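For clarity, chains are labelled A, B, C and D in written order, and residue numbers in each chain start from 1.
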Amino acid sequence: MSDACLLKPDREFIDRVVGSGGESLKQCYQCATCSVVCELSPDRRPFPRKEMIWAQWGLKDRLLADPDVWLCYQCNDCSTHCPRGARPADVLGAVRRESVIHYAVPRFLARWVNHPKYLPLVLLIPAALLGLALWLRAPLEKGLGIAQETGGGKIVFSYWNMLPHWLLIGFFTFFSLLALLAMIGGAVRFWKALEAADAKAGNTTPAKSVGESIAATLKNIFTHNDFTSCTTARSRALSHYFVFYGFLALLLVAFWVVTIRINPLARGEFVYPFNFWNPWRMLANLAGGVLLVGCLLMIYERLKRAERGDSNTYFDWAFLGTLFLVVLTGFGSEVLHYARMEPHRQMVYFVHLVCVFGLLMYLPYSKFAHLVYRATAMVYAEHTGRKAAAPAAAPAEQPQGEAASS
Amino acid sequence: MSQSPREVNDRENVRDAMDRRDFLKTGGILSAGGACAYGLPLIGALASGAADKEERPGRRKWGMVIDLRKCRHDCTACVEACRQENNVAFFGDDDVENHERWDIHLIRKVTIRRKYPIESAEKSVPVLCNHCEDPPCALACPVAATYQREDGIVICDQHRCIGCRYCLIACPYNARYFYFKEDEDWPNQDRPRSSHGVTHSCTFCVHRLDRGGTPACVEKCQEIGAGALTVGDLNDPESEISKLIAENDVKAIREDLGTKPKVFYIGL
Amino acid sequence: MKINRGVIAVIAVLIILAPLGYSVLSAVVGPGGQQAEPFLEKPENASKCVRDTTYMRFHHMDYLRELRNDAVRRGIRGEVGLFSCRECHTSRERFCNQCHEAVNLNLNCFRCHYYP
Amino acid sequence: METNFKTIEGKSPQYYMLAAVLALLILPGVYATWVMFQHGLYHSGMTNRIPWGLQIILAVFYIGASAGSLVISSLYGIFGKLEYKPFARIAVYLALWFLIAALLSILTDLGRLDNLKSSFSHFNFLSMLSINPFLYNMYILICIVYLWAMLKEKEKAVKVIALVAVIWAILVHSGTGAIFGFVPRELYQSALLPPSFISAALSSGTALMILVILLLFKLTKRPLDDELVVRLGRLLGIFVCIVVYFLFVENSYRVYLAESREAGLHFLSLSGESGVLFWGGLVLLGSIVPAVVLFHPRTGKSIPWIAFASVLVVFGVLCERYLIVIPGQTHPPDLFPGMEIVGSPLAEGVVHYTISLFEIFQAVSVAALVGFAFVVGLRVLKLAPTEARLHEQPTSA
């Protein structure tokens, strides 16, 4: 192996991993049952055995620059078979949480989002920002000269008065761009860390071009091939499938609705609310239903896992809870719209906006960031041929790989 | 079997797996936040006059006196007039079987005969909503759609009625009717007709009374010369109805029920 | 029964892109998307409405609800009501329905109140 | 005696078949409600003289069954009888779903569902029908908390909530009785209605619980001690007698007093339709036969006989609900005492109520919904006990 290098264990890191779900980390005595049992671990660089030893010693830099942490889908095959009850799956989950916090661009925000103590603060930010936007609405409208003269009647509660569209679109587009930048920043830092680690380990022979590996990853994501290969968590793949496609469709519909005014294709139909039989609204209702079913299945599975002793950390519940709240308040405000119960609808819609803010703006800091980091890790794995070690490996296999998997 | 985490240090971001205390705390914060986000503006909206207030349109108390001596036996002029004025659903005499189930009779002519001790001559009595002073239907309505106005008229606000039909059960006079079926034709287009699913009963043609007119049945009865029906303000001693009640011995239907009806009959 | 996962993925993506296809098709093929700008017919015989137009545009629903509560609940029936709208704006098709159909807000007032 | 609860595995084809059939049976009711919401309630058998029909009868029956089954669960909760602990969870789960079924029956019966929002924003606190929904919704919450406490094995909490739940069940059912009792109609107006509703609730709840327990333990082939069912049967026998006693007292005073004799006779006389239902359906079939079967030494011990008696009791209580709701409307209010109404455009005299097809559809679909919820609940939650033993027996390993 490369020459001896000075190990810099980070004791505080161990505590954080132990604290957030990896309590049983210390019992692992490296029998590697987990790596053998795991369907997803590649033959040449098996995991999660090495991650366990790194976590025990607290080798933070290695763990955070290791794509295998993100190749695991936490299906708990390893935890169920581990003879010492060390539950490597939870340890990997905790390490993933640490890497999300580590790579987040403004790190304090990640720390806030991922700790229950800061929950009121985390919820207050969107509520305050939205409240501020509503409060500044009148002067802003006068300033921008688009104030609508409403003839002086006292408006108790009508939809467009409380949440005009131009305000919502401007507000959310601005903050989404911020989140997008933070997301890209995190991904780039993660990619560089991965390359640096591989360069140090000396195996820099890219198997595929980045473009090809991105295509392969997308195919893998859309068909959930990796996900379904885990045996114990068969139904987890199903619920993730629902949530994935439901969310994707809703994102597309939202994007279409937001950009409708500048969209050449929808010249005429920029009038809200869409007719019930408008294909866009039908797709949205269908996707909402699919997302709701997915969330319910996930919550049911998480409760089942809790019974089996696997740990559900705040990191998991916060994301799943926010997603579930978004779907509930979404359908709630639609039903209240049809029932024309005016004051109630505005309230549920306001809660809906706060949850959507929580989902999208905190994307790079919460568990939702798995969208970014897992995709990056998969592209990197394809890129460096980490998973390509099929048994009938082509002769171009490096000898060093053979030794490791025997 | 799981070894408890070493109490190395309790820096706040070390121990954050969800245990029961955290769960209750987050649950508490979430529900409190949700309640405020939901409750405060709602209370503001309701307080700012969204709820309707019943002012007093001048203290009147409408009542009716029916003089059975003048009421002609088989004449149904008042029923026709009422049907024309208020678009009352009438499903015709052709299908007798259904006709009796869905017809609405805001005012109906009931012929009665004394049974005990000997049978007396038949008498035709117009029966309508008595606009009781203490109405059991208004007491029963869960959403206060059927209610008593300041001027004593008991009316069903069909915009608010949910169609539970509890007022039909509570009325001891069979004076409240439910639109099981909608009537297609629309005789009086200035007046709304009722959709299926709501209750309807005689309102003393309140749209005319509010504008100083007289109910359609009273007007029609004067027109054909009988003049058996008179409507007036019971609080005003000089009004014609007060004089009639003072001079004749009037009787209402089933006054013993304690609902204090306001439709009085001379010669019942 | 082992359904090929790729097939499901393709079907799902197709369903998601269906509305996009509909919009593209309707924009390209015909002026489907192009709705007529709601046209409110000006009454011939009268010039001035009960309230000024901007107030009516934004508050006719609150105004009508106040009138209704006054008439039904409090017995105050003034000169203005739904019937007075009918006198000047004679056709509902060219007045109320223009905007209400465009905004997909169906009215159930005219199930009971007559407005030709 | 440590009873542990296990979800049924629910993988067998019969299970799926049963769930599918129940789910399918929900559809006709939905269709009927949709048609009646769109076109008006004239499809139902109700008329202006009989505004409340089958749906209200069943709503009252479901509330009764819910209150009754909650009392069965309180045998363990309050009175601490450990041998009834296995039945406690099913009882509360069923109580919850019976009340949801009751609310559904009322909702499918409303004329203007789109105005339902006014029932959230405007209240008339004097109306019984406005107070009761508060009681029902609180009752649903209490049942959910009670179920949660039992599933999470919180013994102390179960004791407290059981007491609150039973008191609330009595309150709810007296409220339902008050809806009918506090109305100025001759055959409705009586202060005895709330307590007679409680007795009917107890008997229908116990009878239904016996049937459900027998069915459940037979289908899941889990051991059940016959002595437990026999004790429940004896309890049922007592409740049945109370039901008949209340109704008989309530109507005998009407026949006795001159002013309401006509109404009393309308109810009790064999010539009238309700008389036949009262004497034949409720008294004979619904009470005397089951009482004899339950208290007779030989048949009182055999399970099939007890099941037969329970079915009769359920039929009897259904008749009793019919007799509470319908005769009050078929008997005409006496507008002109001492006078005879010769002719009137409205059917003033005694009218007849026939149940229409759409109403049966709605009834079947609500019942199917409760069945479906129970079947699914058994699989998802830990409701069904592994076995129900009477005495302290070394539980087999």
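We adopt the following convention: a residue touches a chain if its C-beta (ideal position, glycine included) is under 8 Å from a C-beta of that chain, and two chains touch if they have at least 3 such contacts.
Predicted model, so just to flag it, every value in this text is computed and none were measured.
Shared contact partners of chain C and chain D, listed by label: A, B. With centres computed from Cα atoms alone, the innermost chain of the structure is D. Looking at which of B-C and A-D shares more C-beta pairs in contact, the answer is the pair B-C. Using the average of C-alpha coordinates as each chain's centre, B ends up farthest from chain A. Centre to centre, using the average C-alpha position, chain B and chain D are separated by 31 Å.
Centre-to-centre spacing of chain A and chain B amounts to 57 Å, using the average Cα coordinate of each chain. Once the centre of each chain is set as its mean CA position, chain A and chain D turn out to be 49 Å apart. Taken residue by residue, chain B touches two or more other chains at 159, 195, whereas all remaining positions touch fewer. Of all residues in chain A, those touching 2 or more other chains are 156, listed in ascending order. The set of chain D residues that touch two or more partner chains comprises 114, 116. Within the complex formed with chain A, the residues of chain D that make contact are 114, 116-117, 120-121.
Only residues 68-69, 71-77, 83, 108, 111-114 of chain C touch chain B when the two sit together in their complex. By the touch criterion given at the top, residues 37, 39-42, 44, 46-49, 51-52, 106, 109-113, 115-116, 118-119, 122-124, 126-130, 133, 179, 183-185, 188, 328-329, 332-348 of chain D touch chain B in their complex.
Residues 339-341 of chain A are the ones that touch chain D when the two sit in their complex.
Of all residues in chain B, only 52, 54-55, 57, 149-151, 153, 155, 157-159, 186, 189-190, 192-195, 206-207, 210-211 touch chain C in the complex they form.
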